[in-house]
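Letters A, B, C and D mark the chains in the order given here, with residues in each chain numbered from 1 onward.
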Amino acid sequence: MADERGPVVDDEPPMRMREQIVLQVGGRLLTPFILLFALYVQFHGDFGPGGGFQAGVLFAAALVLFGLLFGVDRVQQVIPVSVSEVMIAVGVLLYAGVGVTTLLLGSAFLDYDALSAEHGQHWGILLVEAGVGIAVAATMTRLYYAFGSLHPDSEPAAGEHGE
Amino acid sequence: MSLLEALLVQRGLWVYWAIITLMMIGLYGVIARDHLVKKVMGLNVFQSSAILLYVAIGKVRGGTAAILLEGEENVLYSNPLPHVLMLTAIVVGIATTALALALTVRIQEAYGTLEEDELARLRVREDEEEAALDPHPFDPPGEPEDVEYPEVKVGGGAGGAGV
Amino acid sequence: MAAESVGQGLQQVALSTAFDVHFPALEVVLPLVAAPLCFLFRSRAFARILSAAVAWLTFGVALVLLQKVLAEGTVRYPLGGWAAPYGIEYRVTVAGAWVILVVSLVAALTLLFDSRGSASRLAPERRYLYYSAFLLCLAGLLGMAITGDLFNIFVFLEISSLSSYALIALGRDRRALMASYSYLIMGTIGGGFFMIGVGLLYQMTGTLNVEDMAQRLPAVLDTRTVLVGFAFLLVGLSIKLAVFPLHQWLPNAYTFAPPRVSAFLAGTATKVSYYVMAEVVFVLFGAHFVFTEIGLGAVLMPLSVAAMFVGSLAAIYQADLRRLLAYSSIGQLGYMTLGLSLANVEGLTSGLVHVFNHGVTKSGLFLVVACVGYRTGRTTVRSMAGLGTRMPATSLAFVIGGMSLIGVPGTAGFVSKWELIRGALAAERLWLAAVVLVSSLLAVVYVWRVVEMIYFGRPEGLESLGRDGEPVREAPFSMLLPTLILVAATVVFGLWSDPTLSVARSAAVELLGGAGG
Amino acid sequence: MAAAEATAAAAAPLPVRDLAVVELGPLPLEVLLLALLGLTAVVILRTRELFPAALLTGVFSLINAGLFTLMDGVDVAFTEAAVGAGISTVLFLGALSMMDRSERQRPPRWRALLAVVLTGAALIYGTFDMPSYGDPQAPVHRHIAPQYLAGAEAVHIPNVVTVVLASYRGYDTLGETVVVLTAGVGVVILLGGRRRRRSAGVGSTIEAGGRDGG
């Protein structure tokens, strides 16, 4: 999966940020907790505020925090641009796929009761929220990649300059 | 005076009026500001206030958030439907913001300025030149761009390309 | 139906087992699923084939739906299995099926068009993004026309709008970026107004379902809140529909967008908004309230007439063919809103039949311009000089399309105009009939300018050569075919107007009948 | 199964817990937050420095989230805080990193002001027939919403917003996810495939000259 739009290698964060040891350590400690919290929000959405969309944004926010402290390229090493793009499509397809499945099972589009007589609604909501979460997390990450790596020196791909 | 008091205090219409005022501040920003990024900020304020209007509509005084409390009877809940709708509206808002900002980045690159009146001047000049030169908007296939615009100044300093 | 389902509460709706009950859902879901697939596989060839196949499939489904609706009346589909006012319901009316037929037909033919060398600013290996956005736009437009839920209309309106901003920005000229930005600002304000309008109506009725709301509105029709809500819905839609003073975004958007995008949007986007406006006016509020009580006609009619003249006059002075066609669109949309403002069967029939007639004509003409641009490298009126002998088929296509814009008998444009004049006479507004005829003369002027250039203009110097330095010759078959199909359709349905006119008429009768007949 | 309960819920009058609260006049916290929002909005539009303005849009979202919480929209508040104060601010700052960060001063636009004032006046005119703010008897609270509450209880999912979002109006949410996809596709179209300019000269547009004639 070689990506021609891979990370820009020399994308150094501003020196001021780099030298903030406290910030860096804090950020490094905080990131996994935000990611955990995102997962909690994802799966706790049935009981309290939250759900796929909020979880997705939180997940992306953790990556953004990490990126602000250590540079976009470090984040892109963990989650490459191509992976984020694939996951956008996967999330949407998961959601729509649930609908298509229920449709093929003979019920209405997105009628979760077709999935299981007893727990259809639970399963349906779980899957659909997962789709939302994946799509949103991936999109927000991709948006961050697009805007976070803007630089006065960067330019569009060959032939795409706004003339 | 008593009518106003009835409207404001007893019926609480001031909440709606305040929200409408916010909305109009945003709308004024979109229409009247010249900087393209500022317009996007105005759009943000406009959309957020419209969302606030919906959420206010869903409020039940003395009610609580629509997260069902087990075992408790006769709890008054606020209306969950506007909240559901507004989650979607927030998503639409961020999608619009992202797209608009991406466009401003490209416009900045292509024109070297984001001030609306300067852009308008540049565009008029371009239209006139086009009418005079009868140019070739369709480039030959496969060939690199042979028509380019002069380098634009990116970042820093007021874009002076228009003058 | 709506009254029943209130009693049903949250009961799930049992569907018949025949697969074609799912067609309303499939119509939108097919492009909706195909778009992320294109994005996932990142292959231009795959995206091209998939998008074309999906567009033709949606056309087939639309045909079946239209037949079904004509035979059985409104087709309903409960998404998620939830009964109408609780869940989101798809409600395919004759008018809705008619509009999705036009949208999917135009999409299928424009995707058939081979846009070699002129497609967009995207590097070849990133072209799949174009098809992804195209399919999203298609899904959004289809969804708007099928859904029976006001907030769902807003969601799909935004899907189609956001994707069209991206598509327009792909135009080769840097002015495409500004055109897209202006459209984005106007479109978002329009969408915001629509959303506020829906919110106010929701506040007074407690429902979002169109039919359910139509039943609950009469009780609160005299409130100021509902009046303001209606105004906001209308203004929001008018921006999308490019009704006269709110049309400024349209000319640049259509001029600088990639050729196929112009052809697609010109034939579809405004038409769908027209349908939604008709639905709001006639189904939600009812003709009596809108035209008798608040007198919308007194506003919409002058604006429509102004659009007819301003659009056509501006078209006369354009040097660029695409801009000429875009201004002509503003004029033609004026005919459609005029038909709506007459609020009688003939007028509305004319508007709805023009959805098809103008959609086909204008898309065909934009494709003609794309062919000319491909061979000559220019899209100005002057670039047409002497093409009559060198690109005979393309030239003839322009002439026929132009005749349809004027409304020459034998073309589709005549059918709509004739119906519009009948509508004006039925409303006892003789002067309107005269105005329509006079405005057609303006169309004669701008079309004649081009025709004169095609057959009597002389290419000078370098202009006799195409962009590859060779003499200009006929466009390749893969470009010509969809263009000619669209243009031929204007003749076929100009001469044989029974099918289009009868569908449009039953759609108009249905709309004027209000909610649930 | 849920049908009977739902119909019952629709028929029974809504329980009103505390009438005294309904009678309460101005709500101090809401007044404060709305005033702060207005102030922030005005400052955003008036300041000519775009960097602080971008940060203030984040602040605006945070205050807005506070209001949403007061109005019981906890899910909306959560989302607004995460999106408005988080992601959207980052996008603004990212975009601003490559452009001129100050805006030129211009005289106020009276025609725009007039149009906006008229629009606002129309909306305010529309509020006169609105149900009172927070009125439990308003149509929105009497129709459909009670059935949603009953339906969520029937499937034992306490967060009604989640049930309505993912099930009753699940199709809207699919649309919402597609909006997200559309934003992704659009931004990748516009900003994807960028690369750092190698060095001045190679592949740059400087020497190419142009029809602008410089």
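Operating definition for what follows: contacts are C-beta pairs under 8 Å (C-beta built on N, C-alpha and C of every residue); 3 or more make two chains touch, one makes a residue touch a chain.
As the structure is a computational prediction, the values presented were derived from the model and not from experiment.
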Intersection of the contact lists for chain B and chain D: A, C
Pair of chains ranked first by number of touching C-beta pairs: B-D
Computed distance of Cα centres, chain C from chain A, in Å: 35
Averaged-CA centre spacing for the pair chain D and chain A, given as whole angstrom: 20
Chain centre separation in whole Å, for chain B relative to chain A (CA means): 23
Separation of chain C from chain D, taking each centre as the mean of its C-alpha atoms, in whole Å: 29
Junction residues of chain D, two or more chains touched: 74-75, 79, 83, 87, 91, 94-95, 97-98, 123, 127-128, 130, 138, 140-141, 144-145, 148, 158-159, 161, 165, 167, 169-176, 178-184, 186-188, 190-193, 204-205
Per-residue overlap in chain A, given as positions that touch at least 2 other chains: 4, 47-49, 53, 85, 88-89, 92, 96, 99, 109-110, 112, 136, 143, 146-147, 150, 152, 155-163
Per-residue multi-chain contacts in chain C, two or more chains: 32, 35-36, 39, 79-80, 122-123, 126, 151, 155, 158, 162, 165-166, 169, 172-174, 177, 196, 202-203
Chain contact topology (line, ring, star, complete or other): complete
Of chain C, residues touching chain B in the complex: 116-118, 151, 155, 158, 162, 165-166, 169, 172-175, 177-178, 180-181, 184-185, 188-189, 191-192, 195-196, 199, 202-203, 208, 319-320, 373-374, 377-380, 382-383, 463, 467-468
Chain D - residues contacting chain C, complex: 2-4, 6-7, 10, 122-123, 125-131, 138-145, 147-148, 150-151, 154, 167-172, 174-176, 178-179, 181-186, 188-190, 192-193
Interfacial residue positions of chain D with respect to chain B in the complex: 14-19, 21-22, 24-26, 30, 34, 37-38, 41-42, 44-45, 50, 53-54, 57, 60-61, 64, 67-68, 71-76, 79-80, 83-84, 87-88, 91-92, 94-100, 102-104, 106, 108-109, 112-113, 115-117, 119-120, 123-124, 127-128, 130, 132-136, 138, 140-141, 144-145, 148-149, 152-153, 158-161, 164-165, 169, 172-173, 175-176, 179-180, 182-183, 186-187, 190-191, 204-206, 208-212, 214
For the chain A and chain D complex, residues of the former touching the latter: 4-5, 8, 10, 41, 45-51, 53-54, 57-58, 60-61, 64, 85, 88-89, 91-92, 95-96, 99, 109-110, 112, 121-122, 124-125, 128-129, 131-132, 135-136, 138-140, 142-144, 146-158, 160-161
Residue numbers on chain B that touch chain C, as the complex places them: 23, 27, 30, 36, 39, 43, 46-47, 50, 53-54, 57, 82, 85, 88-89, 92, 95-96, 99-100, 103-104, 106-107, 110-111, 119, 123, 126, 130-131, 134-142, 149
